[in-house]
Amino acid sequence: MITIVVGTNRKNSVSRQVADYYKSILDNKGATSQVVDLVDLPGDFPTSALYEENGNNSDFNTIREKVQSAEKLVFVVPEYNGSFPGVLKAFIDGLKYPEGLRDKKSALIGLSSGVQGGVFAMSHLTDIFNYLGMHVLALKPKLAGIEQNFSEGKVTNNLYNQLLNDQAEKLISF
Amino acid sequence: MITIVVGTNRKNSVSRQVADYYKSILDNKGATSQVVDLVDLPGDFPTSALYEENGNNSDFNTIREKVQSAEKLVFVVPEYNGSFPGVLKAFIDGLKYPEGLRDKKSALIGLSSGVQGGVFAMSHLTDIFNYLGMHVLALKPKLAGIEQNFSEGKVTNNLYNQLLNDQAEKLISF
Amino acid sequence: MITIVVGTNRKNSVSRQVADYYKSILDNKGATSQVVDLVDLPGDFPTSALYEENGNNSDFNTIREKVQSAEKLVFVVPEYNGSFPGVLKAFIDGLKYPEGLRDKKSALIGLSSGVQGGVFAMSHLTDIFNYLGMHVLALKPKLAGIEQNFSEGKVTNNLYNQLLNDQAEKLISF
Amino acid sequence: MITIVVGTNRKNSVSRQVADYYKSILDNKGATSQVVDLVDLPGDFPTSALYEENGNNSDFNTIREKVQSAEKLVFVVPEYNGSFPGVLKAFIDGLKYPEGLRDKKSALIGLSSGVQGGVFAMSHLTDIFNYLGMHVLALKPKLAGIEQNFSEGKVTNNLYNQLLNDQAEKLISF
């Protein structure tokens, strides 16, 4: 089972749409996957699911279990303020430690409205994921200008599609 | 006015104690400062103060105003999962953009129980702060093994004290 | 005196042309500057000017002295293999330590043929320069697609020119 | 074949000794490996093997071929000025592009006299290697205080040995 994480809790995010699209790519290649959208996190998780409350919020636990039980993970990460959304890192801070992500394999996709494509988001996450013992595929597509390259549920840019398909195949055999 | 930000919402954090200690250093040098502790953030701010709700949570706004109105900022940042706390970045994601941090000057201090001293936390934050147009002092003390080097409200390690005092002086004249 | 460093030893580099252009910006603002081009490094400096040979190569010393004696520095850095040129870092490895760059102030400009604009080159250099005690301006223009935006010795992109002028003014008052 | 790269051209480096020790670990696990020491690079390679001279220096080519022909790579990297040695990056700048490192698998080990253990060296290299399409194992041992933890050709610190052995096993099955 591959779990695809929507890396923001924004409602109706483009990241969610890209995650659904990525699931269709994995479906086509015969790999089973599910989407976890951080929009479903309980709103008060910073005070009800972290630190001394780690593991005590059952709604939070339902979501984190879909991440912790996966063998492989995909993170669709929009660029917020030059890096990943804080909520994504706060979610990671609420995982079981150290077994939450250790020895899993992951693929990262960056999104941005602007030209950077989430390049720092992916670099910073690679530092964090490697620190936690999770492997990260070298190929991390940066989907800059996502609004101009996504329409009706599909990535419309040929290069982006090539990169996403290449990455999905590498993840399956990772 | 210098605002010192406690970079976690953990209750009774060591970071808070280090922030109070840093305030006493600034006091001794004649610089006016205040401490803002992210423990005071409303627990549900990820759903009530970000994105389309940006600016709509008055409790959140009270805290962010102490940051946005400062000319200089100090961030006391514990290492969580190899980087900064997600809650700190989520707080940054709730600031006014782009004027929230632009052209301010900042000093970063990293804390850790382990040996890294928050080295990635500070590097990642520097990427983010520079992206947002805020300057960061080169000297970023890394207080590794903080529990063994802090007692009764004071940093007890001579090197750490030297670094914190040097940094405070540089910040005042930055 | 501001020293502008051409961050590659490639002959007839675009970086050199951008450095000369940057000098004209500083000239117009009344700031005195000089250009140092790493193409002038002795070809064998990795064996004649580093480690136990540090300080022993007079040709190398002539160049490094223009860097070490400056109060402020500008680095024009092309993207090579996703970061800065190795030769630039090898040059830095041959500076006097720790006084070579400590407490200086610097401005970074990234160049690339592709779309990244040297974003990692600048982030990695910021880590290194801050480690060495040199301050780095938050604003680091990323001149992506430089070949399409530079002609007859001048940057032709209006946004790029705005950023370079803003940065130059900030550096002068840094 | 696994190629172990000594990431500096310093003579008689500790990195070389650690590379030889790592080879003995791989030998014990039945994996074939060879050590490439950058001390063997021709001293003038920055002017004779890069850019328009790429591929034209036969001594340089002999060394790079041992790297380019390997399926898996180990990099033993000392911390110089808060990151990797510039000479290592300059060597990378002289590889064939893009096929030089693409799709290979790698393991990184950081060394330092001080307390950081080359943490930035490994983070920066991960950015670069991933950019070039080479996978990097999540586990990157940081051998801080190497002089106190290495004696007579052997790492003497039990934790370090555990990490190196774990990494070597992961690399073999990567």
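First chain written, first letter: the chains are A, B, C and D, and each begins at residue 1.
Throughout what follows, a contact is a pair of C-beta atoms (placed from the backbone, for glycine too) under 8 Å apart; a residue touches a chain by one contact, two chains touch by 3 or more.
Keep in mind it's a predicted model, so treat the numbers as computed, not measured.
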Common touching chains of chain D and chain A | B, C
With chain centres defined as mean CA positions, report which chain is farthest from chain A.
-> C
Whole-Å gap separating chain B and chain C, where each centre is the average of the chain's CA atoms | 30
Determine the centre-to-centre distance between chain B and chain D, using the mean Cα coordinates as centres, and give it in whole Å.
-> 36
Interchain centroid distance [CA atoms averaged], chain C/chain D, Å = 27
Where chain C touches two or more other chains, by residue | 120, 123, 127, 130, 132
Touching residues on chain C, where the partner in the complex is chain A | 115-116, 119-120, 123, 144
Chain A to chain B touching residues, read off their complex | 9-11, 41, 43-48, 50-52, 80-93, 97, 120, 124, 127-128, 130-132
What part of chain A is in contact with chain D in the complex they form?
-> 123, 126-127, 129-130, 132-140
